[in-house]
Each structure stands twice: as C-alpha cells, then as structure tokens.
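Structure in structure tokens, see below.
A, B and C are the chain letters, set down in written order, and residue numbers restart from 1 in every chain.
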Amino acid sequence: MNQAEVSQLVSKLRIRINPRHKNLKCPEGPQGRLNKLRKTVNALFKYERLELNYTLADETRGYAERLISEAIRHGDTHKPTMEMADYWIEEKQLIHKLFKVLVPRFNDYQTSYTMLYRAPKAYPEIVYPRSVLELRGNPFPAILPQRSDQRNFIHNVLLDEAKKAYRAEKYEEITKSLEEQRDE
Amino acid sequence: MKRFSSCLYKKYSGSLCSIKYVSTSANIHPKTEIVAYQNNLFDNEQKRQREAVGRIEKITVKYIGVPENVTLSMNKGISTPFHCAQHISEMLVKRSGLALIDETHLWDMHRPLESDCELTFMHAQYLPDPYHFNRAYWRSCSLILGAVISKAFKTDIQPTLHSFPSPNVKSGSFVYDVELSNLPEWAPTENELRILSANMVKFAQKSYKFERLAVSEELALDIFQENKFKKEQVPNIAQQSIDKKVVLYRIDDHIEISRGPMIGNTDLLGRCSITAVHRLDTKNGHLYRFQGVSLPVNIMLNHFAYSLLEQRAKKLNAARWVDQAQNDTYVPQFSREETAV
Amino acid sequence: MLLKTLNFHRFKCGFAPVLRASRLFSNSPPSDVQQPSDESISGKQVKPERKSVVPSNSRFIYPEFLPDPKIEWRNSLREKLERMDMIQRRKHIDIPEFYVGSIMAVSSSNQHAPNKATRFVGICIQRLGCGLRANFTLRNVIKHVGTEMKYQLYDPTIQKIEVLRLEKRLDDELLYLRDAPNEYSTFDENMEVEYLPEGAPVPVNPEMVKLKPRPWRARWERKNMKGLADLGLEDRFYERAEELATPWEKYDLMKQYRKTIPEEEQKEIFAEVYSELHEVEVMRKKLKRKKVFIKPTKNV
C-alpha cells in the first residue's frame, strides 16, 4: 500500500488512464521516451489533429491533457507551469497558443480536451493499430458523422411520422373522452 | 372446390385453411403468353433504340465524390451511370440507387447518358439529404409489389394492376392498387400477407435490373392491351408528356408504366413486409389497395422499431384514390425530368 | 528485557531493529486513556458547529484518508468502509496531527511490561501506507542504541499517541538519521509537551544533519536530500550521482498524476469524512485547553 503524494494538487483528467504507462520503443531510455512524447505533444498543439500509432497517441494524450489542465489551473503567471510548458513545447510560439488560445477554448469544457479515434490500418503495409488524436474544437471537419445528418434517412423519417401519427391518435382519444365527459 | 396448389410450402402446411387464394407456388403464371408477348415487344423496341444510336460518340463524365474524383470518357447514348460506377468502385456499384446529373437531374442507374455531365451517386445514407433516393426507393417498392402481385395468385383469380400513387415516404407505406376478379370480398390472413412479403423478398433477391425505356403511345397501348386500366391511362400520359412518349420500366418480365426515376437494382430492397390489403370502392369498381413497408438493405433497424413501422403501415394509406386525382403514372409534367432542387 | 533483545538483534543484523508494535490483544484498550470524559461534553452542551467548507490542508493532516493511487488496487467500496473504520477508531483514541520530523510518544499495550503498557518517545522518521494500514516509524537512541519502532496508526493495541513537539523537517523521510551520530536522534523520554499557539503554522525545523563517515545504509549523495549537511565525499561519488540522476522525472506529468489522487476526488473524500473528523478535533481541543490550564505553558 502506497501513500498518495500530497505535495501538489492536480485536476482530474476526464480520460481513461492506463494503470501503467505503455512502453515506447526508444533506445535512450526514459528520457528518450519523454523526448519522443514531447515531439508529438508539440505537433498536437501545432496541428491539432494527428495520425499516429495507437500506443504513442494514447500516451501523448495523457501528457497533452495534463499540460492543458495545468495551464487552465494555474494560468501563465505560475512559474512551475511555465517551466513545464517550456519543457513540453519545443516551438516557443506554441506556448503562447497554449495560454492564449487553448486555455480560453477549454476553460469551460466539462469533457476531455482531446479525442482519440481508432483509424483503419492500410493493409498490408502497416501492422500496428493506427489512431487519430485531435484537440477538441479544432477547425477541421468532424471525424465521426454527425448524428443530425441521419434525420432524413428513410427509417428515421418513417419513425418520426409514426410518432406523429401515434400522438395525433392519442390527442384524438383524449378530446373524445373529454367531450364524452362534458356530455354526461 | 379444391383451391390448393400441389406444391405448398411445408412451412405453412399446418395452417392450410388460412391460405385460400394466394398461390404458394412459383410456377403458376396465369398469363404467360401475354407476358411473353409484352416482353417481346419491349425487347424489340429496346434493340431498335440501341441501334438507332448509330455512330458512337464520346462524352466526358466527371464524377465527384468518394473514393476519388474521376473524369471518364463514356459512349453517348450507350453508357449509363451504372457503367460509370463499374469503372470507379465496386462499393459504388453495390450501394448506388440513383444518379444525380449536373446536380439538378435525377437519372436512373440504367438510363444511357446523353451529354457531357457531372455525376454523383445517391444511396440510402446519402448526405446531406437522401430524400430523392427515398422517393425513388418507395416508388420502386410499389413497382416490385405490382410484379409480385401479378404472379402471386392462382390461375382462377385474375389480378389486374391499376396503378400506384405518387410515392410519399411520410405516409408510412408504399401502395399498389389492384383489381382482383372473382374476389369481391377478400380479407387476407396473416399467413397470406406473410407469403406476399416472402415472395417480395425472394423476388428482390434475384437482383433484377430496372430497365427503362421510353416508347411511343401506340407501342404502349399494344403492350398493355390486356389491361383495361392501363389502356385508359396510356393516351392521357402520352398527351401530357412533352415528347409524346410513355416511359416503361421492366424488372424480370414485369413491365410497368411510371414516370420514374427508379433505383438501379431490386437487391437494394432489404427488410420488407406487406402489412395490409384494404378494399376501396371507386368508380372503376372494387379495387384492393396493397400496402407494405420496407427498408433499404444497408439500413439497420431494431426489430421493435420496425414493428412500430409495420403497425403504422397497417392503417389505410390515404394517398389519392385513383379517381380522386391524377396518379403518379400520369402526372401532367410527365416527361420532364424530376429535378433535385 | 525488551531492550536487551533489541540490542542483541541489532548486533546480529547490523542495523537498527524495527519493531512492529502490532501485537493483537483480545481486550480493548483501557478506558482511562484520554477518553472524552462525559461530563466535559454534557456540562457545557456545546455542539460543534459543522463546517461545510473543508480546509485545504486536510490532505496534509489526514493523508491516510486518501486511497492508494494505484489504479488496479482502487476499490471505492473498500475505501469507504476503511474510512468508516478509521473514523470509528479516531473516536476512541486521539490521533493528533503529526508530520515526519515531529517528536511523538506512543503508549501501547505490552503484556510483558510491568504495568502492561510501554511508552516510546522518538522522532517520526517515516510515514507510510494509507487506509487502515497507515503506519509511522519512531526513532530514538536508548542507552546508546538506536531504536526504531514501527506503529500501525490504527492498531487497537495503541493506547495513546502524543505529539510532544509538532514540527516538520526539510525532508519527507528522515531515514538518514540512521547514519547520523546518535545526538541527532536522541530525545529525552520524559520530555514535556510543547504547545504551539492557536492557529499558528507548523514550524519547519531547518536543522542540517551531518552524517557519520561512510559506510552508510544508502547512498545519500544520490537521494537529493535537503536536510543533509555537506557529505564530505570524493568527487567520483558526486559524478556518479550526477550520471544516475533523473532530472526529467519532474516533467513526467503522467508519472506524477499516477502517484496522486486528483483534487476532485480528494474533495469528495474529505467532504464525506470531514464533519466527523471535525467533531473529533473539537473534542480534542477542549481537552487540550484543560491541560493548558493545569500546566504552565512553555511555548517555543
């Protein structure tokens, strides 16, 4: 049984956290691993949508979420947070993006700040599972189809009309019964 | 009088008494000769029209959409949107039901292209709105229903197809009006409806193409000489069309008048059930209105939700009676293409 | 007798023995040990008003109420039941606020002792575990022998826990005291309780410890301890320490996250237990005030 570390307080992330980190292939050890993740975090903040190996994307997602949540929590005047952002973001103009663009964007979010989708594999070249990692609220067209588009599909049209007909029938019944009551 | 045919399905043998009129055999064709004659005429006309194309000219067809934008060089008056789809992707061949030309004209999958155009394909999940596909699908369902009805009954009952109203998906059911001789009072049983539904699905699964042919009034009259209703309708239709032609559709050996457009192939029909047959009293005598509901093959629906649709489709579809107004087979703007906008 | 065995043990093993003071007794702890006396409550009839706002430093005062952050071991029901048990125990004996570096005295049942109880005074050098398994280690030098006692915080054999001097040290673990000269961990057994003024922050003792020359129980030059004076080693030790240092670990955001309980969860937990903890605390303060009246105050 370990004791929880209490020296610093963190915000809860709204994503699933793996119990253990996933190993990435990197000969330089744990430091190399962070360097690798740093590149993808940087690219995520730059391009807002990436296609990656699933493992790398899943790992990157946690770090990106943590960085954004720290930025939201402490703001740009907090020195340790700025140091952290300085470490994780290699292109320094993106630090401004983090504090000036992403923090206002995600300030009121009740959901996670990123989305992770499984992407199809291009058989037979790529054998590793692929995925798409993106920041929410990005300017690109949505990856998943919009539910509202399916309104006009034939079954939905039929169901809508069936609902209307059912309601009309019920209303008729109600008015009839009311009239009967009045007559009595 | 014994009405049962010799090859009943075993499935229904337990409830024989309820299956009185609907033929359970696939072999009984009461009007085989007439059908052969009709098809002969249709084939000849089709052949004549093909030969009339003459020297082959090329047209460029631009396809816009998934999997990629393509420019094709096709044969004028011969190549159809279906051929274009075959050049592009199998997925398009399988799912497309309708083509959209220059973003304005709806075009049948098997109707030859006539000039340079831009082409897109519509399917059941076409975005932003599959409205036109749904209409064409509903119309095609009526047509298939007509084909099934014409073969479903035993020899002593002569179904005479009347017509079907303009397709309206919102009405909840597709419809075909038929006169049944020798059957003044008929209320179909559950099993009879089930057999009709099964016949419909079986028919659809044979993957018949919807062949389109515009013919002259005389030929149309010749083809429908045995059908008193159609004979009446043909001159009307021809008059109202701009080029005095009547558009016919053929699936398997069943020929029908309709303005179109239709879907490309019967195998797009997925789940289907014939839910009710209502008796109508019109000035043409007693007609039976066959009603059904159906979903395209790639639309999945929970069985409970589907049962709701079936329940609704049992109620009488109040679409225009045949004598109330013009019906779909002879609307005034007959040969003008239905536009998408 | 006990000390002799400890002594023997130490010589055999070469390090200060750690006793687990978790012998189970069938009888409950004697009721005379700081039980909230009935008349003190009923006499004044002062109901502690329930604070709705949980103070932000709860996580430092009651760290064992936070569950183990290891995700595979989390179980909300078990955690909740444990918290209920912990509160029940806290209603029986007073478990005061203490930190690593505080000087404490623990009385625990001991059937071999003449009065069936032993009192151990020492400096808290380590605090580990969570839930009912929370424990702390006291260290003292008794008769020139370094002695350590590891107590389970919620052990039913513990009769009384006193904090003689409430303070923090520069580090979260003072295990290096084992390698320090005895005077750093020598505390008088009859030490008197030093009270802090009401509402004062817990003082941090900036004492720097000068270790004995090598060999040590750990390579302290690699541990990055703040409370250690110059170790006086050759350069090669520091070079090696630098080689093995992991300066990137402070940037590993997810590693940190996996070691902590997020703020939202902490709030939930303390909101659940705080009203009862607060009640217990108010009672304790009342008793403390009584004591202050009895003995002359000796503030630092």
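We take it that a residue touches a chain if its C-beta (ideal position, glycine included) is under 8 Å from a C-beta of that chain, and two chains touch if they have at least 3 such contacts.
According to UniProt, the chain labels map to these proteins: A = Large ribosomal subunit protein bL17m; B = Large ribosomal subunit protein mL39; C = Large ribosomal subunit protein bL19m.
Everything quoted here is computed from the prediction, not taken from an experiment.
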Centre-most chain, if every chain is reduced to its averaged C-alpha atoms: A
Of all other chains, the one whose Cα centre sits farthest from subunit B: C
CA centroid of subunit A to CA centroid of subunit B, Å: 47
Subunit B and subunit C: spacing of chain centres that average the CA atoms, whole Å: 85
Separation of mean Cα positions, subunit C and subunit A [Å, integer]: 42
Interfacial residue positions of subunit C with respect to subunit A in the complex: 59-60, 63-64, 66-73, 127-131, 133-134, 172, 246, 248-249, 251-266
In the complex with subunit C, residue positions of subunit A that touch it: 1-13, 17-19, 21, 30-31, 34, 59, 62-63, 66-67, 70, 84, 87-88
Subunit A-facing residues of subunit B, complex: 124-125, 127-131, 134, 137, 169-172, 293, 295-296, 299, 301, 305, 308-309, 311-312, 315
Residues of subunit A defined as touching subunit B within the complex: 145, 149-150, 152-155, 157-159, 161-162, 165-166
